[in-house]
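Look at the two complexes coming up: chain A is in both, with chain B in one and chain C in the other.
And then the complex of A and B:
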């Protein structure tokens, strides 16, 4: 069976896996973004807390994803739970780091000016600092999403959802005629998803980065 | 546990703004005090550091933490009740073998990554090939979208089961970050410096060896660290292609539902990854040319 015949035969299954993969990554990325920006906002003013947050997230990233999932299974069991927790944890790192770097990089004179025209601290944060720090945060989200695409594939080993299942089906039937088709469809599917997400982020950047600070 | 390089320039930039902000009434006292201690402490390592910016406490924390974590795991594992299936997974020195295989996979693949990526990075920044750089980078970024697991298994199907295919996959996967670092490092060099070197009569080879490479060392070393950390992680996937390593313990633990085996494998993997990252950061700090420390 050629690759295209395989894809034609299994398109329902492949489509479900693809949608689940995309939705798992997307949802975890939303949680990671909200948490990451929040951690960034809470810690960037203090040298100590900011560095601690960065160090902690860098350490998490150093942990191989399979080991992280392995440590989560005894606590939360197999399935969706370890997948979601692992994806969210790994998604945090680039967002937190870029949020802190971005917020610290905001020109203090601009914040002073905002204060001078009578903006409250919340207003300064929401209308001056975060918009200025948004481009690096968005870059962090892009990097994180691409990473999560690959980690989600590994999470299928702990019965997680998504295209990783296709790859592991191929591993289970290594040597059979369909193994290559299964692994190839899973791998290409994830690569295409990653590129699609990346394109969407470029578009989001176009729409949300204020024209005045676009590079 | 390394404060990232990015944070250092920030430290230097921040104080002027902070002093301005300090006198202003809008900040509450506690916060102002926190910031006072933060700014009071922050310049100290930079100033005292000159040579070694990071305190010894910071450097000894990680090994101490790892020793304690491994000790606790070992004591717990000895006390845990193992049935015959769990015994089969860990007996006859299988744990030691897995650790050795894992280290071998990591070291061998990192070696190949370096001898491929660094010369390639140098070649791509030479005048003749400079036009090819964006094409190569775009291609490499496209390749980065391919998941490591899928790449590894495709290579296993193509090249056969075993550690060899795993190493090839790991090398392909880690070449890009090191290549990108090398190119960024060589490109970031102030052109007036290379021109000055040419001006005093150095050959292009001499400029590369005596000026460009020493200046790019910090970024290349950061690339080496990235490659090591990536490879320790990817090596856990070698088990799915019969390549051995600590992934064997983790997957055996998951497949047979034996939690002690799973936890032992995971803890050992985490400890190895953190140890490698710690060693690499140490090497990065020690090998950095002394003249560059003030600026980077």
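And then the complex of A and C:
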């Protein structure tokens, strides 16, 4: 069976896997973004707290994803839970790091001006600092999403959802007629998804970064 | 005096600083030590001093961007030392160097920030934004939707001032606002500020390290030395003619007398009358005038009474009796609003050492020459010196009276305590 015949035959299954893959990455990214920005906001003003947050997230990233999922299975069991936890943890690093760098990079004279015209701490953060730090944060989210696309494939190891199942099935049946097609369709699916997500981020950037600070 | 008339119509509020001190944790000496100062309502006071003297710190303590270690701050009749700083800052305009505009907001959004925060209605905020843009000389229709980076440095600074004034605060703090723009733009912005202040009568504290800027803008100037010690706090005239000590005279720099010329207008000095004739006068009359012996030169005026030519006794005969070729054209005139410095410049470049003074439509009013200029400047400087000496006497007397009263007050309080006990 050729690759295209395979895709034609299994398109329903592939489509479900693709959608699940996308939805897992998307949802984990939302959680990672909220958590990451929150951690950034809480730590950027203190030197040691900011560094601690960055170091902690870097350490998570050095754990191989397969090992991470393997470690999570005994704690939270199989299926969706270890996938979501692992993806969220991996997604944190770029978001936290860029949030801290972005917030610290806001021109101090602007913060001074915001204070000077009578903005409260919250107003300063929401109306001046976060909007100005948003472009680097968005870049962090974009990088994290690309990373999660690949890592999500490993989730199949813990019976998680997504295109990883396709790849794992192929690897398990190496030598059989469809093995290569399975691996190939999974991999290609992930690549296409990654490109689509990236396009969406460009659009989000266009819509959310004010014209005054767009590069 | 302009100060008294300003105070009468002022929309500004008085600022009082009492023993204001700032000690940064971990530093040995105070950054600002015991500043006492009273700024009258509607007055523009310039803090000037070398960098690191604490002038900026003093300014930032007024809106408590820097919390004072000790001392009181009063604005109007209100003690604001313990007030919620966010509420305080909404009542005090703040303009800084490089404008401090938020790059992600449009010009209109930037200006609308404070009025929105203090809860103005949408319609009121909108019309206020237009009004403020108009006030600082920017066309609302053109600049409303622009982002700060689409503006020149001078325009950004104007918007910065508009934002600071948007909620109509009685007090405006300006921290080297024109420090980052080119000299020509700075000059324009200074003129604009003077115009604005004539319209609005805010109480303005202005920090700069440029003494010439201080002279140009200040009703009074506070020359500060290290730890924000006030070396001299007085009118520009007094500081120029009678610097309190070597530090102040060093800061005033060379050419105090020349700088003094910038503070006086041609209208304030004696403009002398000059023999004039009109181009349409019969030649014979002009001849007679020149021959009469009272003058050997006349100023020829054109049909709109504007200075046209200087005509000397010999000129007419040399030009064979026609006005067209006789005399030298008037190439420079000054208005009554020109500074004495401008007048001096014109007199110095004129080969006969005089310049014609003209009115609003360019019509002849009189002439200023080297002699009147010299005499006037001497008188001015002398008067300034006397004023300054008298002022110092008054201050000393006042201080003596205050210490006296204070002593009596303590005794009096002790006495009444004793009586009630």
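Keep this in mind: the second predicted complex is superposed on the first by the 215 of 215 C-alpha atoms of A that agree within 3 Å, B and C clash if a C-alpha of one lies under 4 Å from a C-alpha of the other, contacts with A are read in each partner's own complex, and residues count from 1 in each chain.
Convention: a contact is a pair of C-beta atoms (placed from the backbone, for glycine too) under 8 Å apart; a residue touches a chain by one contact, two chains touch by 3 or more.
Everything quoted here is computed from the prediction, not taken from an experiment.
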item	value
Which superposed partner A:194 touches (first chain B, second chain C, both, neither)	first
Partner chain(s) touched by A:131 [first = chain B, second = chain C, both, neither]	second
Which of chain B and chain C A:210 touches, first, second, both or neither	second
Touching partner for A:101 - first (chain B), second (chain C), both, neither	first
More chain A residues in contact [chain B versus chain C]	B
Chain B versus chain C as contact partner of A:122, first or second or both or neither	neither
Partner chain(s) touched by A:112 [first = chain B, second = chain C, both, neither]	both
Partner chain(s) touched by A:66 [first = chain B, second = chain C, both, neither]	first
Intersection of chain A interface sets (partners chain B, chain C)	109, 112, 115
Touch list for chain B against partner chain A, complex	1-4, 6-7, 10-11, 14, 16-18, 20-21, 24, 26, 31, 34-35, 37-39, 41-42, 142, 144-151, 153-154, 156-157, 161, 229, 232-237, 240-241, 246-247, 250-251, 253-254, 259, 262-263, 265-267, 269-270, 273-274, 277
Sites on chain C touched by chain A in the complex	63, 65, 86-94, 96-98, 100-106, 113-114, 117, 147-149, 163-164, 173
Chain A residues within the chain C interface of the complex	109-110, 112-120, 123, 128, 131-132, 210-213
Touch list for chain A against partner chain B, complex	45-48, 50-51, 54-55, 58-59, 62-68, 70-71, 73-74, 78, 97, 101, 104-105, 108-109, 111-112, 115, 121, 146, 149-150, 153-154, 157-158, 164, 167-168, 170-171, 174, 179-180, 183-184, 186-188, 190-191, 194-195, 198
